[in-house]
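A, B, C and D label the chains in the order they appear, each numbered from 1.
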Amino acid sequence: MGDQPIWITFIVTFVIMIVLLTSMAYTTWYERKVLARFQDRIGPTRTGPAGLLQPLADAVKLMGKEDLIPEAADRKVFYFAPMITFITAILAAAVIPWGGTIELFGQSVNLYPTDLNVGALFILATGSIGVYGIILGGWSSGNRYSLLGAIRSAAQVISYELILGFSLVGIFIITGTMSLKEIMFRQHETISFGPFEIANWFVLSQPLAFVLFVIAAVAETNRAPFDLPEAESELVAGFMTEYSAMRFALYFLGEYISMIIMSLFASTLFLGGTSGPGADTYWPLGIMWLVLKAIAFLFFYIWLRATLPRFRFDQLMGLAWKVLLPLAILNIALTAFFRLIGNGQVF
Amino acid sequence: MEPTKTEFNVMESTQTDYSGTLMVEDEHELASGERVMTLNMGPQHPSTHGVMRVLLKLDGETVIECDPMIGYLHRGTEKLSETKRYAQIVPWTDRLDYTAAPQNNLGYVLAVEKLLGLNVPERAQYWRVIMVELSRLASHLVWLGTHALDIGALSMSLYTFREREMIMDIFETFCGARLTTNMMEIGGFSRPLPDTLIEQIRNFLRVFPNRITEYTDLLTANPIWLARTKGVGVITPEAATSYSLTGACLRGSGINYDIRKADPYLVYDQLDFEVPLGQFGDVFDRYLVRVEEMRQAHKIITQALNYIEHDDRPMMAYESAYVMPPHMGTMTTAEDMQRHFVWVIKGFSAPIGEVYHAIEHGKGEFGIHIVSDGGSMPYRMRIRTPDYVNLGVLPHMAQGAMLADMVALIGTIDIVLGSVDR
Amino acid sequence: MSWELVFFAVFSAAMLLTGIGVVALENPVHSAISLVGCFINVAALFVMLGAEFLGVLQIIIYTGAVLVLVLFTIMLVDPNKLPAFYVGKPMQRNVSAIVGAILMVELGVAIVTRVALEQIGPHTNAMVDQMGGNVQAIGQVMLSEYALAFEVASLVLTVGVVGAVVVGLPNRLGALDTVTMSLGHSRGAEDAIAAGPKFESPMNIPAERYVAPVGERKVVMTKDPDKYTHPGETSK
Amino acid sequence: MTDGENQKSNAVVTTGTGWERELYYDDDLSKHPVVRELSAVFPDDFLDAVRFRNETTIYVTPARFRDIAMYMRDHEKLQINFLSDLTAVDMLNLRTAPRFDVTAQLYSIPNRVRLRMKTSIDDGQSVPSLVPVFNGANWMERECYDMFGIFFEGHPNLRRILLQDDWDEGHPLRKDYPTRGWKDFPVYNKERTIRRTKTRWTGRGV
């Protein structure tokens, strides 16, 4: 990190921010289009070609709306709660690597804002602060539906963060590091499998952890079928019931940014990150591979939403504590055991 | 006369419904009830299927008491019917259960025909069966879509509404209206059938079985769907009978009471179909029963259409006193024109007496009770709608359920608030 | 003045301010939010010291789990309904002042002994770097040198969890035994109460629990309206 | 699982026992099993039986309204175990007294027969509630109270149901209740509730 001037870091961060905010807007468009195809519709078509200007129209609409604050609300908390969600969601992008160090215009440029040596945990930490936006928003609305949504959300995020963390431990054991960059570059290596050379993606060596991670990631971002905090059928909109205009939009955007970050996170950890044909020689190809993997993961998110009914709250918690947690611990134990065998410390 | 007093039988009280007794307006009266939270579900809530308000008392997310409050859509149909001539009431019945208007029309029309002693031609009866079964399908499709949407299966509602659209198109071809059809007339049908109708129905019948398979593929084996519906909202057969439930709510509990079989009207005794019965009376059983009823309705429509397709007989009963004269007659003959005038201005005088006629509506027993004093308007018309009575079991089912189950329970009763509030 | 000093000043000032906010703010939820801010600043200080792992753990465990649960509890309590005991008694204030002072002194002594007397432990920066980073260092120390303490701590936490479950077990529906009858319509109420007997509440009867049968479920099909008209026939 | 071969195999009773389904529809009302049983068991309280369009109506006294329903529900052969509907008819224009007919549409699911049970009461008189016999009567009686002002003795929760709790205009399905309600009925309400406004073209009030 020290080998580049700080202004280049700022430029890289700025570019990533711009790309992230734009892509977040277009994730809403992407979700609406894909969901529409699942449901035998065509989705937005009126604003721009294929509805491509729809996110802009939505943004204008949301900014132009009246910002209502209920009388029973705790005004100050109500005011800044959405920002917590939004800011922490964006903060997590700081440790996602988009490639290694490249030479550009005679400067060496790192394609990541920072390479924290606990990068994976940093993402979990931002997630755990992000839950405050939900609880405080629910509480400060002074609405019982919001409160119920907030309580559900708190319990859900705490439970699933545990599983999210535990599912990563296997990778930490294999790689011996928590830095996302190093984990990613470990997957650029290939292993020979008979006559074939295949990429050493951790989804191959840690399939159980990947499944657990996907489930926990869906639950952590409050998406269907785990969208209980905002279950629109029983809790109206959960913690967001009383929010309107830009404040609602902040929650909305925070959710989509979390989705994108989780997709990038999963791609980096399990699907090789930027690894792919040609990625080692041309860095734009690497970024393209990462984006494609993230888009595939986002597609999976939307697929789930279009297909599955919603869990009940007790079933959700039961799933977390009775099924997923023992599996995660089993995965850790197995990985540690094989690592010991590999080190020659057992047999 | 003094109000009569009878000693109250305490022994019976164990089976009795006390729902709503715990209506504590002041929260301080719940001395030790700090853990009780009152949640007002509705009247503007997405899952109450209209303007219903359910007052819930929650312990955590467990419902300890539930009190449904209805009447936000009360339009006084029964009172209005006392000021309308018999033929004028038919459009009012459209507005009861607006997802299945032809069935409401049929229930009313059959009751009036029973009062008048009218015999309707066989062809009209078959067409009534076809239209009513289509409308039963439409009603069940709306139920399936919204019920699945409540439980969280987002796409289901769009799939079911796609098929409902085809049925609505058939209605539009048949009578010109889609939702509030005003389709049945006292005495049969007075207008000729459109040319494209049969082809349209055939089209629908061809695609529909595959579409049912699509729904069941998406839901019946889905573990989340099973977890949300199995063992939830159990009604024992005894409770179902005691609560006067009808339709799939009663048959889901395993009691065989389908008016089409038990007390056949129209030509249902000449058609071959089966009645599905559930075994355990939970939400999943009611779902299975309704899906199977859709298959049976498809079977009934196919049979009726095959029988009546090339029929050319008249569709209107010829009872000069009670039915409107034919259009051509009104235009050409003096007698018919006079009768038309009298029929429109004055209506007809029904016999003195009272009748109750019940049909198997998509949601249960739809009964019309008419008391006639011999005039051209009903002296008293009572509409027994299935949803209203079925909704009464909600407090019983909700005790001990989770909050998230409430939407499944409201959905499984299959209510339409226009029909509940009348 | 180096940037590090500026950041240190900012973080510690924010930490102190939010720490004061915890005790000074009236609304308990606001206090809890202050505590969150305090913890985040502590984490920032950890990161500045080069202990990123501790900083992140501080956020994940204290901010993300412990304080969420605390906030959770506070949210459900209406501060206006608390009995007077919880508002605070003079004795409590005095005791808390004394305890606070003692803790302060202990902390001061610890700092003074470390800095002034230069009694620094074996885990210096160089040693941490040699172990391969602070994550590895903490791991090794925890599971070798302090393994016993680590296990005892986990045992104590387990006992705590079990105790919390036992204490928190709800006696479901048992708390509700007062029942009143309200008949919304004023005229109706007078007459109906005079006319009808009062009933006991059915709420004391525990809600029936039903176990869903395992295996595939099928509907019974029948064409005979006289069959299955009695309860329980279909399940035979 | 289908069983459509022999539809008559499970007929309720065999012939000649006096409980055949045909007897319920026999022209001779005295052969009707309900009539036969009730006139034997409740000779004073069973008043009359009427047949119209193949439907049987029995009239009972209000005092034993619930007892008779319970008797028929628990009777081994009658098994009238289902309450289809419960309502009332305001007979104001048809006779002088008593004013209301409380009507219960009963049904026997095993026997597949309908029966209408009626009892006549005056305004202010109460009827025993059917809730201890059929739970479904709960909401039906609430609606009946709401619409007619009939009190059901022993009902656990007799509140208005379709109209709001503070409805102060009486009970709308009574025959002396004007269709547009009391407040807009000019005879009773001299002050207009809808304000008179001048229209633009005619200048006349609406």
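We take it that a residue touches a chain if its C-beta (ideal position, glycine included) is under 8 Å from a C-beta of that chain, and two chains touch if they have at least 3 such contacts.
Bear in mind that the values here come from a model prediction, so they are computed numbers and not experimental data.
Here the chain at the heart of the structure, going by C-alpha means, is B.
Each of B-C and A-B has its own count of C-beta contacts, and the greater count is at B-C.
Chain A and chain B have Cα centroids lying 46 Å from one another. Mean C-alpha positions place chain B and chain D at a centre distance of 20 Å. Chain A and chain D have centres, each the mean of its CA atoms, that are 62 Å apart. Across the assembly, chain C contributes residues 181, 184, 195, 197, 199, 218-225, 227, 229-230 that each touch 2 or more other chains. Shown for chain A are the residues that touch two or more other chains, of which there are none.
Multi-chain contact residues of chain B, defined as those touching 2 or more other chains: 3, 8, 13, 16, 18, 21, 23, 241, 255-257, 262, 272, 274.
All chain pairs that count as touching, in label order, are A-B, A-C, B-C, B-D, C-D.
For chain B in complex with chain A, the residues that touch the partner chain are 37, 39-40, 45-47, 61, 148-155, 158-159, 162, 218-219, 222, 224-225, 227-228, 402-407. Residues of chain B that touch chain C in their complex: 3, 8, 13, 16, 18, 21-25, 29-33, 35-36, 59-60, 62, 64-65, 230-231, 234, 236-238, 241, 254-258, 261-262, 272-280, 282, 284-285, 288-289, 292, 399-401.
Taken together, the chain B residues at the contact with chain D in this complex read 1, 3-6, 8-9, 12-13, 15-21, 23, 70-71, 74, 76, 78-80, 82-83, 114-115, 117, 239, 241-245, 255-257, 262-263, 272, 274, 353-356, 358, 365, 367, 369, 371, 373, 379-380, 382, 384, 388-389, 391-392, 396, 421-422. By the touch criterion stated above, chain A contacts chain B in their complex at residues 35, 38-41, 144-145, 148, 224-225, 227-228, 231-234, 236, 305-315. Every residue of chain C that touches chain D in the complex is listed here, in rising order: 181, 183-186, 188, 191-192, 195-197, 199, 218-227, 229-230.
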